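One chain, subunit A, links the two complexes that follow: it is found with subunit B in the first and with subunit C in the second.
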Partner chain A sequence: MTQEMEFKKIIAQYCKVKPEEMTADMRFREDLGFSSLDFMSFLGELEDTFDVELEEEDALKVLTVGEALELLKKLQAEA
Partner chain B sequence: MQDYYPLTAAQKMHHQWILNYKTQQVSGVSVVASLKAQLDFGLLKKCIQCEIERYGCMRVRFTKPDAKGEVRQYIVERDSRDIPIKDLSGMSMAEADNLMQQWAYETFDGDDIPLCDVTMVRLPEGYNGFFIHMDHRLIDSCGMVVMINDLMQLYTHYRFQSEYPADLADYEMVLEKDLKRAGNEKRFAKDKKFWDDQLDALGEPLYSDIQGPSVLEEARKRHGNKKLRAADIELKNLFVEVKDYLLEPEPTRNLMDFCMNHQLSMTNLLLLGIRTYLSKANDGQQDITIQNFISRRSTHDEWTSGGSRTIMFPCRTVIDPEMDFLSAAYEIQNVQNKIYMHSNYDPALIVEEMRKRYNTPENTTYESCYLTYQPMPVKMDNPHLVNIPQHAKWFANGAATKKMYLTVSHTEDGGMNFSYHYQTAHLEEHDMELLYYYMMRILFMGIAEPDMSIGEIMERV
Partner chain C sequence: MGKLIRDILEESAGKYSEIAAVKWLKKKDILERSYKELMENVVAVRRGIQAEGFAGKHIALIGVSSVEWIESYLGIITGNTVAVPLDAGLPLEDLTDLLNRSDSEALFLSPKNQALLEGILASCPKLGKIWMLQEETLDFPNQKVESLAELKAASSGDDARRPDPNDVATIIFTSGTTGKSKGVMLTQGNLAENVISVDYTADPGTTLLSVLPIHHAYCLVMDWLKGFSLGATVCINDSLLHMVRNMSIFKPEVMLMVPLMIETIDKRLASVDASIPKKAVADQVFGGNLDIIFTGGAHLDPFYIERFAEYGVKVLEGYGMSECSPVISSNTEEMNKTGSVGKPLSNASIRFENGEILVKGSSVMKGYYKMPEETAKTLQDGWLHTGDKGYMDEDGFLFINGRVKNLIILSNGENISPEEIENKLALNALVGEIIVTGEDNGLTARIYPDQDVVAAKGLDEEAVKSALQAFLDQYNKEQPTYRRITGLVVRKNPFIKSATQKIKRQEATVDEPQPGV
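== the complex of A and B ==
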């Protein structure tokens, strides 16, 4: 399984959109129905799964699936 | 072989209240769900028994407490109990509600016993349904709503051949995941740092009471400490009264539109309303803490596994009276978002840290107000029942561990219900009237003029 698919599978646990139907421009709140709590819980799960540390201020700027994936890749590259 | 598990942080919170207040009554949660329709009680009984099989949290039991009062939980494989039926149809609805209120006061006393009672009821005015009484360590209100819907889906499946309800997540599997997450040392260190940093930055919190600064002054006299910043918790007289206020659909829509247009959550707007009132009632105090309950249900499994996932964290904000209403709302939202990210932490550890740092006396608190916002109505969301009138009601357990606990929920007509549970040892209905009145004045003035400063709003309301 690619990292992108693993990433989308995590998102899918929080919403009704299937990983294969998820696109980069989908917004967490408006398109996927995430609440603030859902989003913050999801970020925590990303940290645990991919062993990265998110800066809260950076994380709060993330609006779309694509932006979250980019941030994850950036953090992994820096690690 | 039977597996035994420690309690999660959310379960520990309720367990600790039972130990502190020396009664299981503080941990009771009860609801009646009924339909204005003839029900096949034989079939309903079968569905309730089936629900007990499906919803693992209904089969959770606790071991005998050890020397420290700690217990472990386990899930019994089978619970094939009979489900009794009670006929209250000869009463008025108010009398029936009163009787069920008495049932809600009952306690589950003993170890290794079921902590869940279900009774089928024939109610007045043609309503029929069931009353559920459980221990909060097993379930929270969201879990209860999920259960009621699942149960009625079972009923309509067998009665009307509708689709069989989708599988519910396994309680034990989700519990194991929660405990594993709580045991993650890296996460724990990060969460602890967040909460410790808040104390480093802001210092010791300062109590603010619904009734004004006199309450803290009295506590200072009682403890002989002029600098005390926490007030006493009521431990003896736990009797609680409930006062409900209904906000009509139109003003509710205005609040919701404001939230939507400004990307704010309703919880944060409500927190702003309460904290502004507390600031007003406490001579403009800027450092205010409110306990806010969070239901940690985000994933599908968390939503459908039952269990007690509601936990409270202190929402502490220091807001300058010059700050405008909208910025203050965003300030709270910012704090809350960070709290959400660290909500796996055990809030008992925050209290412990404060006791260590500030020598906070035993049985004192920094908060007088507790908030729960429930976006989910107690409604049987089932297409087969859509045109049938429903009667659903939560019953207070009658023993409050908190001075004032506000539950805000949505009503079927599009309004909102503000349900104030208050300890009668210290508060009267009039205090709740004032609180509701000022909360509404503050919120509606704020949403009408979001650029107005908090200080001006406090003066003008």
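== the complex of A and C ==
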């Protein structure tokens, strides 16, 4: 499984959209129906799954699936 | 004479001196404070406040949960001083407004919120001192700013006098229906009576994980004050990002949650492969020891109570509001009825007026700080008008079935005043008319664009929507997550209005364009 698919599978736990139907421009709150806490919980899972540490303030600025994936890649590159 | 929080705390410090009162994480290490150590720090803060000349004044606190926060809070209220806990997530201008309106003369500030210092110093001239909630001494170029360690070091001399049960202990801000938040004045007796009257006992050392914001009455009184009264070990959840991880680290037996948290955890339960035994799933998600979740603050779908029971976790729903210190009623292990919010506490009487729930009792607030009109409207002959509609069944269980006041209650328990947000958003020239509504765990702005601005700028439908979304994104950046606007509906027609040209709020969704149309 590619990292992107694993990432989307985590997102899919919190919404009704299937991983293969997710696009980079989808917004977590408006398009995927995440609650504020779903989003926090999702970020926590990203940390545990991919062994990265998010800065809460930066992470909460993320609005779309694409932005979250970019942030993850950036953190992995820095690690 | 009635009990004080000071009496409750001193009893616990005596009985449970060696038990851990608080545990928290520092990186990957678990640190702890025993009841004996906690009490020593509380007394040091109280004596420091006395020595610095702030006894009897109003002292605010801004910060997320920390051992320093709770020791300072207790140092304030176990003396004859008034604590004003504020939401650290609010924008600076809201915080300075609340500091000034509450007549706070000193402030405890978390180091994480140090960025607020300059703005607070500039806008709150009444503040005589700001103590940073840290043990390390501080080198800040303003004599008003010191560290908690310096305050405790100043604590020589006399102790503060014991407060009277009728003295105001704390002022907690809550959303007002007029768009201006109100400071709920709770007395020493109000708090202590709520702690004593909530019918729950646990063995000393019972592990409790605190995940709600500490400035909220529910968290402050039930996680912390009630927890300390039982000799429980209160563990601090350092971030909502790590709630599930921290459940596996601290392995709590009891937690307080708002319905939103239960809904989110349920999504994680549902995503686990159905072939895995439920006990294994519960161990993984809840940490292995969780027995009870107390919930309140918003409506919980009874579905979740049955669902969590499958995983061995009892969900007990209650009802309360800051004005009642805060618990009014609660289901208990012995007496519960799904769908109800339990039986009223022994110190609360309930009656109904046109369906509205009225409450009287020893935990009902003294009033709203410096708001005599609001107080008179809400407290009549000692009966508090809750703004909620409900009924009592033949067995004495209370049920909630609606709202009288115009407040949006989100499933995270936050009460939102739509007018407060509408007033701010209406300042944008493109916003002609606006109504904010609450649905799907979030807020939606329904906007009728100003047609003159649309015409002057030559904007088409798509451009109007993009401009409004960009404006909301910008607004959201400065708001705590619960006040963010997550939905936008651009209306093609003005809202339906009353004869006095006021928008009919209950008809705000009439005549809306459908998605995709």
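Everything below uses one rule, namely that the second predicted complex is superposed on the first by the 79 of 79 C-alpha atoms of A that agree within 3 Å, B and C clash if a C-alpha of one lies under 4 Å from a C-alpha of the other, contacts with A are read in each partner's own complex, and residues count from 1 in each chain.
In this text, contacts are C-beta pairs under 8 Å (C-beta built on N, C-alpha and C of every residue); 3 or more make two chains touch, one makes a residue touch a chain.
Just so it is clear, the structure is predicted and the values come from calculations on it, not from any experiment.
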item: Which superposed partner A:Leu60 touches (first subunit B, second subunit C, both, neither); value: both
item: Subunit B versus subunit C as contact partner of A:Gln13, first or second or both or neither; value: both
item: Partner chain in contact with A:Val52 - subunit B first, subunit C second, else both or neither; value: neither
item: Touching partner for A:Leu37 - first (subunit B), second (subunit C), both, neither; value: both
item: Contact residues of subunit A, present in both the subunit B and the subunit C interface; value: 13-14, 29, 35-38, 40-41, 43-44, 47-48, 56, 59-60
item: Residue ranges of subunit B touching subunit A (in the complex, touch as defined); value: 181, 184, 187, 190, 263, 265, 294-296, 298-301, 333-334, 336-338, 340-341, 343-344
item: Subunit B-touching residues of subunit A, taken from the complex the two chains share; value: 13-14, 29, 35-44, 47-48, 53, 56, 59-60
item: In the complex, subunit A residues that touch subunit C; value: 12-14, 29-30, 33, 35-38, 40-41, 43-45, 47-48, 54, 56, 59-61, 63
item: Interface residues, subunit C side, partner subunit A - complex; value: 239-245, 260-261, 263-265, 267-268, 270-271, 411-412, 440-442, 473, 477, 481-482, 484, 486-488
